[in-house]
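Just below is one structure, and these are the notes that go with it.
First chain written, first letter: the chains are A, B, C, D, E and F, and each begins at residue 1.
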C-alpha cells in the first residue's frame, strides 16, 4: 500500500511540476493545484497510513491515526486555496496588463511565434 | 580636562565640518566660500600649534578613544615627526591652493562646491597622516579616493573629466580595497591595528606566513594611489581636473599618500627581498617610464603629470633600497617635489588661464608677455631638473648616491645607476622643454587672446613655493633639516642616521651622474624633433582612457551577458532552477550519510479500492499534464483528482480532511471557471521540443525524488508527539475530534494564521480586481454565441430550494466539529458554497439585493472573534488562546458543552465565508465591467 | 407576527425534520435547537423565497412521492435492460412536452420527475415556459410517452400547486 | 455473507469508477466529461457508504452528504460555463 | 505585562488589521490614523521588547497554555527582538513615506495589507515551531503579494507574478520538508527537533539530512541565494518605493530562518548534522555576491540596480553566516541592520530621483537637469557610499567586521576575493550610474520632473542618517550583536529553555 | 435474514451503480449516456444508502435515518444536473446518434 501511495504522490508531483513549467498562466495554476494535492497527500501520509482508525475519541476505538498531520494538511489545503485564488486573479491581471497570458508577458510571444513557424517548416520538410 | 586632548582628531575633522559651511557661504558671495576654506585651514593649523613641538622633543602624541572594540578599531590619532611633516605640507600647500583657486575659478564655476570638496579632501588627507589606527587610516584613505573623484569630476559637463574621475576612483578604490585586506592581515598577525604595536612588530610580521600577501596587498594600495607602474595611467587623465586640484592632489597630497604609507610602514614591512624587488622594481620602472613619456607630452599638464609619476617612482625606488639613508633621501624628496611641482602646476594653470590653451605647440615665447611668471617657472623647472642651488638638486644627489651604493653585492646591480641616469636624462630634457618651449621658441601660435601677467594674488602662492625651492636649495640645514630629521626618526622608528644636506660633497660619482644627465639631457631636448618622429612612428599609441573605457564597456557587456544569462526574466527558467536545486539538495543531503533508502516497518497490503483510486489518480494526473492545452478539459480532470484524493482521505481515516478537500475542490473549480472565461480556451504550441524534453526529465526526476522521499519515511517507524493530543483532546480540550481540537486549541495559532491568509487572499484579490478591465468573449471557442438564457428557471428554483438546506448542513457541521468530523472551516466553506450557488443560479445583482452584508466586515468580525477569544484568556493572565470549556445542564435541553474554542471556531467560520464569497463574487463581477466595456466599444 | 417568525412554515417544518435527520436523533436538545434553526434559517433566507409556496393538498403530494418512487424503480429496471441489451435496437429521440403548469417550482419538480423516470431526461425549457424538451432513450410511441407524463405527473402536480 | 456481498459490491463500484474514468478521458465532447465527473461523484457516494458499512463506522456519512452537495455545484458551474461562459453574472 | 510580552508584537498589527476593515467606511483618513498610530505603538513596543530581551533570558510563551513540544511556542530571544525592532522601525518609515506619497490612494486595502504584513513578519520572527513558521511565511507572503502589486502597472504585474509563483513552489517544498522531518522525528517544535536530532539512528540520518537541506532551499528562496533569487530583481525593481523599502526586511526573513532553524538543528550540541549547511551557504553566498555585483553593473535602471544591491547585501550576509563563527555571526548581524535600513533608504531615494526626472524616470540615460540636483546628488553619493561599503559609512564597517571574521576561515582567500571584487564592481557601477544621473545632463530634453513631497523626502533622509548613527554607535551596536551571536551559539540553552517551560503560567 | 436483505440491497445498489457507468461507457451519444448516471446510479446509491440505514439502525439500536437525507439531496440534484448538462449539450450542438428522432421530425 505504501508503495502505491508513494507512487501516486510521485506521479501527481511529476504532472504538477510539468504543468508548473508551462509558459501560460492557466496550465501553471493547474500545475500548482496538482502539486498542492501531491503535497497534501504527502504531508498526510507522514502520519503513516491507517484504515478505519479516525482520530475521534471513542470508547470502542483500539487505535487512532496520527491526528497532527491531518490538522496540518487541513491548514495547508486552506492556504493553498487562498494562494491559488490569488494567483489566478493575478493571472487575469497579467493578461489585462501584459496583453496575453504568457508568464513573461509580451516579449516572449513573438519569439514563440517565430519558433512555431520554424518548427512547422522543419516539420513540413521532414 | 585638557581642551587640547582633542586637537588631533579636530585637526582632521574640522575641514569636514567646514565643508558644508563653505558650500553654504557661497550663497552669500564667491569670496566668502574661499574665506571659509582658508579660515578652516588656518584653524586646523592653529590647533596644531600647541603640540607642534612634541615631535621635536622626540615625543609621539597619541589621542585615542574606544570605538569598535570587537574589531580592535579605536578612534585613534598620532602625531609624530612624519605625521607632522605631512600635516604641514597638506595644510600649508592647501592654504596656497585655496588662495590660488580663488582667482583661478571662473565666474560660472561653483565656488561653494569646489571649496567644500577641497576641504573634505583635505580632511581625508589629514586623517590618513594622523591616524594611529590602521583601519581608521583605511577609512580616510578611501575617503581621499571619493573626494578626489568629486574634485576631478568637478567640471562634470566635460566627458574627459567624468572619465578621468571614474578611472581614478576605480583604480585607487581598488587599491584601497587591497590595502584594507592587507591591513586586516597585518592586524591579525600583530593582534592590533594600532601603529604603535604594528611598528614594533616588524620582525613578527616579516616572519609570518602571511607577510607576502599582506605586503602585496598593501603595495597594491600604495602603487595605485601613488601612480606606480603598472597603475600609473590614471594620473594623466586626472589632469582634466581644475589646475588647483592638480596642484594640490597630484603634486603634494593624494599621490603622496601612497608614499606616506611606504614611509609609515617602513619599519614593519621593509628590509626583505620581496620588498626590495617589488618596491624597488616598481619605482625604477615608473621613474624611467614616467620621465621618458613626459618629454613627448605636448600638453603642459600632461608633461607635469608624467613628471610627477617619474618623481613618485624615484621616491618609491628610494624606499625600495630599504636603507635608512635612502629613507632620508625619499622623505627629503617628498618635500622638494611637493614644492616645485605644486608651483609648476600653478604656472601651468596661469598659462592656461591666460592663453586659453596648454598645448606647447601653440604656447611659445611667453617670456615677454609674462616675465614674472616665466622666472618663477624657470626656477621651479630647474629644481625639477635637479640644477644645483635648488632643492631638487640636493635630494637628487642623495638619490644618486643611494643608487650607486645599491650596486654593492649583486653583479646585476650595475643596472641601477645606469637606469637612474637614463631617467635623469629625460628629466632634464622635459624640464628644459617646459622652459624653452613655453617661454622661448618664437611666438605663440593661434592663441585667441594676448597673454599677460595674471592677477597679483594668483602669483603669490607660486612666489612662496619658488622661494622655498631656492631657500631649501641654498640653506637646507637651516630650513629643512630639523623637520626632516624628526620625520625620518618617526618613519624609521629609530634615531635617524647621520646625514648631511651639504650642497657640495666633492666631485663624486653622483655629481658626475648629474652632469652626464644635464649634458645628455640638453642634447636629447635639442634633438627632440627627430625623437618625436621616431616616438610617433615606432611606439603604438595606447591611450589609457580609451583602454579604460573599453575595459569598462567590456565589463558592462560581460556583466550584462553573465547576469542575463542567468537572469533571463523568464519564469520558467527561474522555477526550473528552484526545482533542480531542490532535487540536488535532497540527493546531496541523503548521500551525506550511509543510510538505507528504506526502513523496515511492515507495510500494509494493497486492497482493491485503493488500487482503483490510485489508478484513477495516476491516469488522471498524467492525462491532465498531457491534455493541458485543452484547458476546460484539464480543469474537469483536475476536479476528478480532487474528488479521488478526498476519497483517499476518507479511506485512510481522515474524514475532516475529506470534507475540507471536497468543499475547497468545488470552490476552486468555480474560481478557475470564472477566470477561464477571460483567458484563452486553448494553450498555444510550446516553443521547442528541447524545452519539453528538459521539462519532462525535470518533472519525472522531481516525481521520483518525492516518491522515494515518501517511501523512505513510510517504511520507517517513528515516535510522534501525537499521543499527547489523543490523550488530552477530551480532558484538556473538551472535544473528541482530535483533529478539530488541534486546530482550535492545541495549534489554534496556526489556524489564526491560516484565516489571516484567507482574509488576505480575499482582500488582496479585491484590491487586484479594482479597475481591472478584460474583454469578455462574446462567443465560445467554436464561435457560437452564448446561450441567451442566463438563469435557467429549473436551476434557479431548485438551487433556491437547496439554499436553506445547505445552511442547515453548515450549522450542523459547525456545531459537531469539536466532537465529530466538521468544524468552522468546513462549515464556513459549505455556507459559502450555499451562497455562491445562489450567485451562480440567480446572478449577482439578484443575490446581492438579498445579502446586504459587506464581506469585508464579515472577515473583520471573524478575525475579531478569533482574536478576542484569545485575548480573554490573556485578561485572565493565561497565555493567548488558552481555551476553557464547561458542561452546562439546562432544563428541557439537557447537558451540553460550552467551549471558548467554539468562539474561536466561529471566527474561523466567518472569515472563511467572508473571504470565499468576497473572492468569487468580486471575480464574478469582473464580467459586468467587461460587458460595459464591450457595449461602449460597440456604440 | 407569526408571519415574520415563520415566513415559510412549510420550509420551517421541513428544516426541523431535516435537522433531526441530520443529527440522527430525536433528543430533546436537538429538537429545541432544530426548532431554533427552523426559525432562524428561513428568516435569514427569506429574501430567496419571495414567491409564496402554497400546497393545496398535501396528501396528494405524499401520494405523488410514492408514485414517483414506484416509477423510479420501474424506470430503472427498464433503463438497465436497455443499457445492457444490444443498443442497435435503441431508437432515441427528442420530444416536446407541452406544459400546463405555470408555477416555476411545479415545472421544476415535473422536470426532475421526468428525468428520474422512464427513460427520459428533461433537456430544455422553452423560453415561454410553455413546453419542455425531453430526450427519451428509446421511443416506440412518442405520443404515448407524452401522454403518460402528462397523466402521471403533470396532473397531480397541477392539483398540488395550482 | 454480508462481507462477500460487500466485496462483490466493491468490485462492481470500482469497475463503475473505471468505466466513468474512461468516459472522462475519452470524451469526446465536454458535456461527456462533465457527465463523467458527475457520475464519478455519485460513484464515490456509493463507495463511501459501502466503506462505512464494511468498516462499521458512521464517520463516512458527512463525506457522502457533502459529495452530493458539492458534486451538484460542480456540475452546475461547468454546465453554466458551457452555456454562458460567464458563470456568475 | 512582561509575561505576555512575546505575543504583543503579533497581536498589535492583527488588531490593527481588523480595526482597519471596520474603518473602511470611515475613509482613508481614519485608516491612516489607525495604521500610523498602531505602527508607532509597535515601534515603542519593540524597543521595549528588545530592552527586555537583552536582559539575557529567553521568553518562552506557550500559546494556548500547552507546553512544548505539543503546543506552539513563541520564543523571544535577542535575535528575534532585534528583528522585531528593525521591522517596526522600517515599517514606520515606509508607512509615512507611503502616506506622504499618497500611495494608499492608488488601490484598495493598502493599510490592512500593510498591517497584516507586519503580523506575518513578527509571527515568523517569534515562532518556535516549524509548521507555524510555514503558516507565518504564507501570511507574510500573501500580504507581500498584495503590497507588491499595489498600484498596478505592467512590469509590476510581471514581477509580481514571478514572485508569487516561485514562492508558491517554495511553499510546496517547505511542506515536503516539514512533513519529512515530522515523519521521522515526530515533532514540529524547533527546539524539540534539535533535541531529537541528537538521537537519530544512523539509518535515518540520510533522510533527515535530505529534508533539512530541502528546508535550506526553501529559506534560500526567501533569502535570495543563488540560484534561487531570480524572483527578486523583477519584483523589487518594479514595486512602489515604500513597499520595496519595507521589503528590505523580507529577504532577511529567509536569513533569519536559516539562522534560527538550521543554526539550531545543525548545531554541534544538537546532532549529527553539525554545520552541514554552512559551507553550502558560504559558497552559494559568494556566487550570489558576484552575480549580484554583475547585476548592479549591468542594470539599465536605477531601481533595478538597487534591487541587485539588495541582493548583494544579502549575499554578503550569507557569507557571514557561512563562516559560522560567533564573530562572523555578530558581524553579519551588524551588516544586517545596516543593509536593511540603507537598502530601504535607497529604494526611497531611487523613487525621489525617478520622480525628479519625470518621464525619464529611473532609466540610466541622460536626462534634463532635475530640481534640487545638488541635494539629491549628494544624498545619492551618500547612499552609494553606504551601500557599496565605502568608508566612512556603516556598510564599510559591516564589511570590515566580516572580513576580519573571515580570516579564521579556511576559504579566506576566496571570501576576500569575492567580497573585494564585488565591492570594486559596486563602486564602479555606482560611480557610473551616479555620473549618468547627475553629471550627464541632456540640455535638449524637456524637464517634467517633480520634487517628492516633504514628508517622503524627510523619511528617506532620516533613514539614510541612520548609517552614520550606526558608525558612531558601532561600539554599542556590536556589543548587542555580539551578545546575540553568543546567545545563538548556545543552542543548548535555547532547547532547554523551550522544552522546560512549564504550562499554566496564569496560575502562578 | 438481516444479512440477506442487506446483501441483496448492497448488491442491487452496486449493480445499478455499475449499470449507470456501463451506460455512460457504451451508449452511442451524449444524450443517451445521460440516462445511465441520472437514473441507474442514483437508484443504486439509494439502495446502498438504505442498506446503510438498516445496518446502522440494527447495529446501534437507534434508528438511523440520516442516509435518507443523502438520497433526498441526490434526488433533488441529479435531475437538475442532468437537465443543465443536456441544455448545455443542446446549446453547443453535441453530436446526436443518427437514429435520433427529433422534435422537428415530428412536426
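FYI, a residue touches a chain if its C-beta (ideal position, glycine included) is under 8 Å from a C-beta of that chain, and two chains touch if they have at least 3 such contacts.
The chain list, named the UniProt way, goes like this: B = Na+/H+ antiporter family domain protein; C = Na(+) H(+) antiporter subunit E; D = Multiple resistance and pH regulation protein F; E = NADH-Ubiquinone/plastoquinone (Complex I), domain protein; F = Na(+) H(+) antiporter subunit G.
Worth saying up front: this structure is predicted, and the values here are computed from it rather than measured.
Q: Looking at C-alpha means, what's the farthest chain from chain E?
A: C
Q: Compute the centre of every chain as the mean of its C-alpha atoms, then state which one is farthest from the centre of chain B.
A: C
Q: Measuring centre to centre with CA averages, how many angstrom lie between chain A and chain B?
A: A distance of 39 Å separates the two centres.
Q: Quick check: how many Å separate the C-alpha centres of chain B and chain E?
A: Here chain B and chain E have centroids separated by 17 Å.
Q: From the C-alpha centre of chain A to that of chain E, how far is it in Å?
A: Computed value for the inter-centroid distance: 29 Å.
Q: Starting from the mean Cα coordinates of chain C and chain D, work out the distance between those two points in Å.
A: It comes to 22 Å between the two C-alpha centres.
Q: So which stretches of chain D touch two or more other chains?
A: Those would be 10, 17, 30, 34, 36, 59, 65, 69, 71-72, 76, 80, 82-83.
Q: What positions in chain B touch 2 or more of the other chains?
A: Chain B, residues with two or more chain partners: 569, 571, 575, 579, 651, 655, 676, 706, 709, 713-714, 718, 720-722, 725, 747, 750, 754, 757, 760-761, 764, 768, 780, 787, 789, 792, 794-795, 798-799, 801-802, 805, 809, 820-821, 923.
Q: What residues in chain A touch two or more of the other chains?
A: In chain A, the residues touching two or more other chains are 20, 25, 38, 40, 42, 45-47, 51-52, 54, 56, 68, 72, 75, 79, 82-83, 86, 90-91, 93, 103-104.
Q: Can you check the complex and tell me which residues of chain D touch chain A?
A: 55, 57, 59
Q: Can you name the residues of chain F that touch chain D in the complex?
A: 3-4, 6-8, 10-11, 13-15, 17-18, 20-22, 24-25, 30, 33-34, 36-37, 41-42, 44-45, 48-49, 51-52, 55-56, 59, 64, 66-67, 69-70, 73-74, 77-78, 80-81, 84-85, 87-89, 91-92, 94-95
Q: Would you pull the chain F residues touching chain C in the complex into a rising list?
A: 16, 19, 22-23, 26-29, 31-32, 34-36, 38-40, 42-43, 62, 64-66, 68-69, 75-76, 78-80, 82-83, 86-87, 89-90, 96-97, 99-103, 105-106
Q: Would you pull the chain B residues touching chain F in the complex into a rising list?
A: Those residues of chain B that touch chain F are 780, 782, 784, 787, 792, 794-795, 798-799, 801-802, 805.
Q: Inside the complex, what are the residues of chain A that reach chain B?
A: So the residues of chain A touching chain B come out as 1-27, 29-31, 33-34, 37-38, 40-42, 44-58, 64-68, 70-75, 77-79, 81-86, 88-93, 95-96, 101, 103-104, 108, 111-112, 115-116, 119.
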